[in-house]
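Scrolling down, you'll hit the structures one after another.
Look at the two complexes coming up: chain A is in both, with chain B in one and chain C in the other.
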Partner chain A sequence: MFWNKEIETLSRKKLEELQIDRLKKTVKKVYDKVPFYKNKFMETGIKPQDIQSLKDVTKLPFTTNDDLRANFPDGLVAVPKGQIIRLHTSSGTTGKPKALFFSKKDVDVAADQMARCLIMSGMTSEDILQNMMTYGLFTGALVMHYGAEKVGCLVIPAGPGNSERQISLMQDFGTTTLHITPSYALYLADIMESMGIDPIKDLKLKRAFVGSEPYTEETRKKIEALYDIDVYNSYGLSEMNGPGVGFECGEKHGMHLWEDNYLVEIIDPQTLLPVKEEGQVGELVLTSLNREAMPLLRYRTRDITSIIPGKCPCGRTHRRINRITGRSDDMFIIRGVNVFPQQIERILMSTQRVGKNYQIVLDALDDITVRVEISKDMFDGNMEHLVDLQKEITGKLKAEILVTPKVELLEPGSLPSFEGKAKRVIDKRKL
Partner chain B sequence: MKVKQISIFLENKKGRLYEALQVLGEANINIRALSIADTAEYGILRLIVSEPDRAKKVLQKVNFVVQENDVIAICVSDQPGGLSHVLNILQQAEMNVEYVYAFVQKKGEKAVVVLRTEKLEPAIKALEKAGIQILKEKEVYCI
Partner chain C sequence: MDAIKQISIFARNNPGQIERITHILAEQKINILAITIASSGEFGVIKFLVDQCEKAYECLKSEGMTVSLNDVLAIKLTDKPGGLYKVAKILRERKVNIDNAYMFVQESRKQGYLMIEVKDINKSMELLKGEKLQYLKKKDCYPRTKKPVKSSQSGK
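For the complex of A and B:
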């Protein structure tokens, strides 16, 4: 099913024509209306008319988090104040939040692309969405709410928390779809169990959209199994309208990114050049093509992903990105190779017999040491098994990062346990 | 006729071996035999102690990773060629020896040796058949 079949299945040629048209308009607009961009153009000697094809996008300046903060609150707004109808903020990890403004059209475009996502997952006007995200300055709940209203389904604006009320809402109104954080989805299943409620038999759930915090493929599968539902991965960021920038179709293989609204680039975060081939991993850079109040050129999302080459069987022509595997800020370079801690984490997670905690040490000789705790149960007193485990991890890591690491096996609990954004990389080269 | 040995996983951290031995000392557990197998990154401390079950518990209580294994303890004549004779018997029986280490103390004229083979039962049979004296648990723990 499609929300807007024409746009969603537009031929690549027509889609690219639409993109270049919108790119030119966006560039002209920010040049005329946003002094920050005009100054950037002057610095590099670029004129709006230099942008004639999609390839010319690389001539444009990047926009970063720091630029948003430096222009706080409204330095990047491109429309008269009277046209702004909504403010959202995005809290960064450091300092001031970023202020993001929406015009009436922006609110509508955000809702429209959200509606595409929802229909893509099989929703219809018969569905009942329980929106368990925080309503407020954060984009997550409101954009979902507006998108679901466009689809015409019943929206229950429950917000987060109060688990017993959440469960009774589900029971009383026959909720079919949840919008929820992954950790809350897991927690809620426990609560249901303790209340003697079987989410599979006693509820009418069909699907969930989980988000606003990172989660693994294993977590997705776990939630799917606990509730016997489909869980769809999605991608969004407040700087680009919030949720619904990218979304999975029924294939559940990558997230279609709405290319009529965004120009997608994948760059090497070190050289800032586009990756050489489609499919290579790098930092996602987005240019908004259809934002009125606050268009952004080449916004560095810091999210690491890759484009999935090839066509999707669902018929949509908008390209897909893989799940986000890390943040470009976390990247380090060892012997000339770009490495993300998440690559190492993924290998360790897929290895039986080791725990979840790890540490990466980079030393003066440009050697990398990966320290990982063994799991208590794996230790059988046999040295050979330890050596095999060490070899297995070393081999897998080498295949992934192309550098042979030294692997240290540690006793469980010997690494500091981290919460949230962990400092796992110790770079002694900088000391 | 198997004897309990405890194996402790040790990461490569200063003082970790000392800590393990101190825990046992404070619990009044006597160490009869000791061996360390290690790489640059980690190692295994193997011990024959007076009370293996209690030793395991006190070590685990302070977060050591501990495993109990069965091994064979035998008496070997304390003279040149004593041990190689035993190893020869096992080789003839096609038993793969994983490791071997000796007791701290001697029992009279004989040395006590700890052996671990891939399969214990057939090794015990081969040794018995060759007339090697195999020690019982009680004999070993209180040597």
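For the complex of A and C:
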């Protein structure tokens, strides 16, 4: 099912024509209306008319988090104040939040692309969405709310918390779809169990949109099993309208990123050049193509992902990105190769017989050592099995990061335990 | 034919590892009958034959060590030339494949045992049935254990 079949299945050629048209308009607009961008163009000697093809996008300046903060609150707004109808903010780890402004059309575009996502997941106007995200400055709940109203389903604006009320809302109104954080989804299943409610038999849930916190494929599968539902990954950021920038279709293999609204680039965060081939991992950079109030050129999302090459069986022509595997700030370089700790983590997590704790040590000779604890329950006293395990991990890591690491197997509990933000990488080259 | 329990401990190849383990066993008054170490360089598996294996297993585990309890066969060797050959021949004839083996001398010049680790202990015991081999008996290995030692518990 499609919300806007024509746009969603537009031929690549037509889609790219639309993109270049919208890119040119966006560039002209920010050049004329946003002094910050005009100054950047002057610095590099670029004029709006230099942008003639999609490849020319690399001539444009990047926009970073720091730029958004430096222009706080409304330095990047490109329309008269009277046209702005909504403010959202995005909190950072340090300093002031980032302020994001929406015109009436922006709110509509955000809701429209959200509607595409919801229909793509199989929702219809018969569905009942319980929206358990925080309504407020954060974009998550409101954009979903507007999108679901466009689809025509009943929206229960529950907001987060108050688990017993959440559960009775689900029972009383026959909720079919949840919008929820992964940790709350797991927690709520526990609460249901303690209340003697079987989420599979006693509720009418079909699917959940799980987001606003990073979560692994294992967590997705766990939530799917607990509730017997489909969980769809989504990608969004307030700087680019909030949720619904990218969303999974029924294939559940990568998130279609709406390329009529965004120009997608994957860059090497070190060189800032585009990755050499489609499918290579790098930082996602987005240029908004359809925003009125606050268009952003080449916004560096800091999110690490890759484009999935090839066509999706669902028929949508908008390319898919992989699950976000980390932040570009975490990247390190070993023997000239860019490596993200998350690549290593993914390999370790997919390996049986090792625990969740690991450490990466980079030493003066540009060697990489991956230290991982073996799993206590899996130790069978057999030396050969351990040697095989070491070989298996080394081989998988080499295939992933192209450098042969030294793999150390450690006793469980011998690495410092990491809670929250962990220092996984020890770079002795900098000492 | 008795299967004998052997304790395996995962250890980093750091100085003091064996000291740490043997200290725990000494404090618990557990007697070590045999020890063998398999090492890959950075890590290894230390294997012990002790007189109170369940107790040793629990103690080492509660000290946070990565321990597993496995069954091994202890085949008695006659102390004369060709003693080991005789046993090895039978094992080959019966198609008992050895994963790992070591010797355990209980009393110098009198009693020795060939300790063998195999993939499937029950199958191997079945294969060796009828052969004129003698085995270390549980009662000789665990003189202070009153009750028969429970099996299972291995870290599978």
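By our rule, the second predicted complex is superposed on the first by the 430 of 431 C-alpha atoms of A that agree within 3 Å, B and C clash if a C-alpha of one lies under 4 Å from a C-alpha of the other, contacts with A are read in each partner's own complex, and residues count from 1 in each chain.
Please note the rule applied: a residue touches a chain if its C-beta (ideal position, glycine included) is under 8 Å from a C-beta of that chain, and two chains touch if they have at least 3 such contacts.
Remember, predicted model here, so these are calculated numbers, not experimental data.
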Q.
Quick check on the chain A-based superposition: chain B and chain C, clash or fit?
A. clash
Q) So, A:410: does it touch chain B (first), chain C (second), both, or neither? A) both
Q.
For A:374 in the superposed arrangement: first (chain B), second (chain C), both or neither?
A. both
Q) Is A:135 touching the first partner chain B, the second partner chain C, both, or neither of them? A) neither
(Q) Is A:332 touching anything from chain B or chain C once the two structures are fitted on A? First, second, both or neither. (A) neither
Q. Should A:2 be classified as contacting the first partner (chain B), the second (chain C), both, or neither?
A. neither
Q. Which of the two partners, first being chain B and second being chain C, lies in contact with A:36: first, second, both, or neither?
A. neither
Q: Mind working out whether A:72 is in touch with chain B, chain C, both or neither, as first, second, both or neither?
A: neither
Q | Footprint overlap on chain A, where chain B in one structure and chain C in the other make contact | A | 374, 376, 379-384, 386-387, 390, 408-414
Q) Can you list the residues on chain A that touch chain B in the complex? A) 374, 376, 379-384, 386-387, 390, 406-414
**Q.** Of all residues in chain A, those that touch chain C in their complex
**A.** 374, 376-384, 386-387, 390, 408-414
Q: Would you tell me which residues of chain C are touching chain A in their complex?
A: 6, 8, 10-12, 38, 40, 42-45, 47, 64-70, 99-100, 154-156
Q) Which of the residues in chain B come into contact with chain A in the complex? A) 5, 7, 9-13, 37, 39, 41-42, 44, 46, 63-69, 98-99
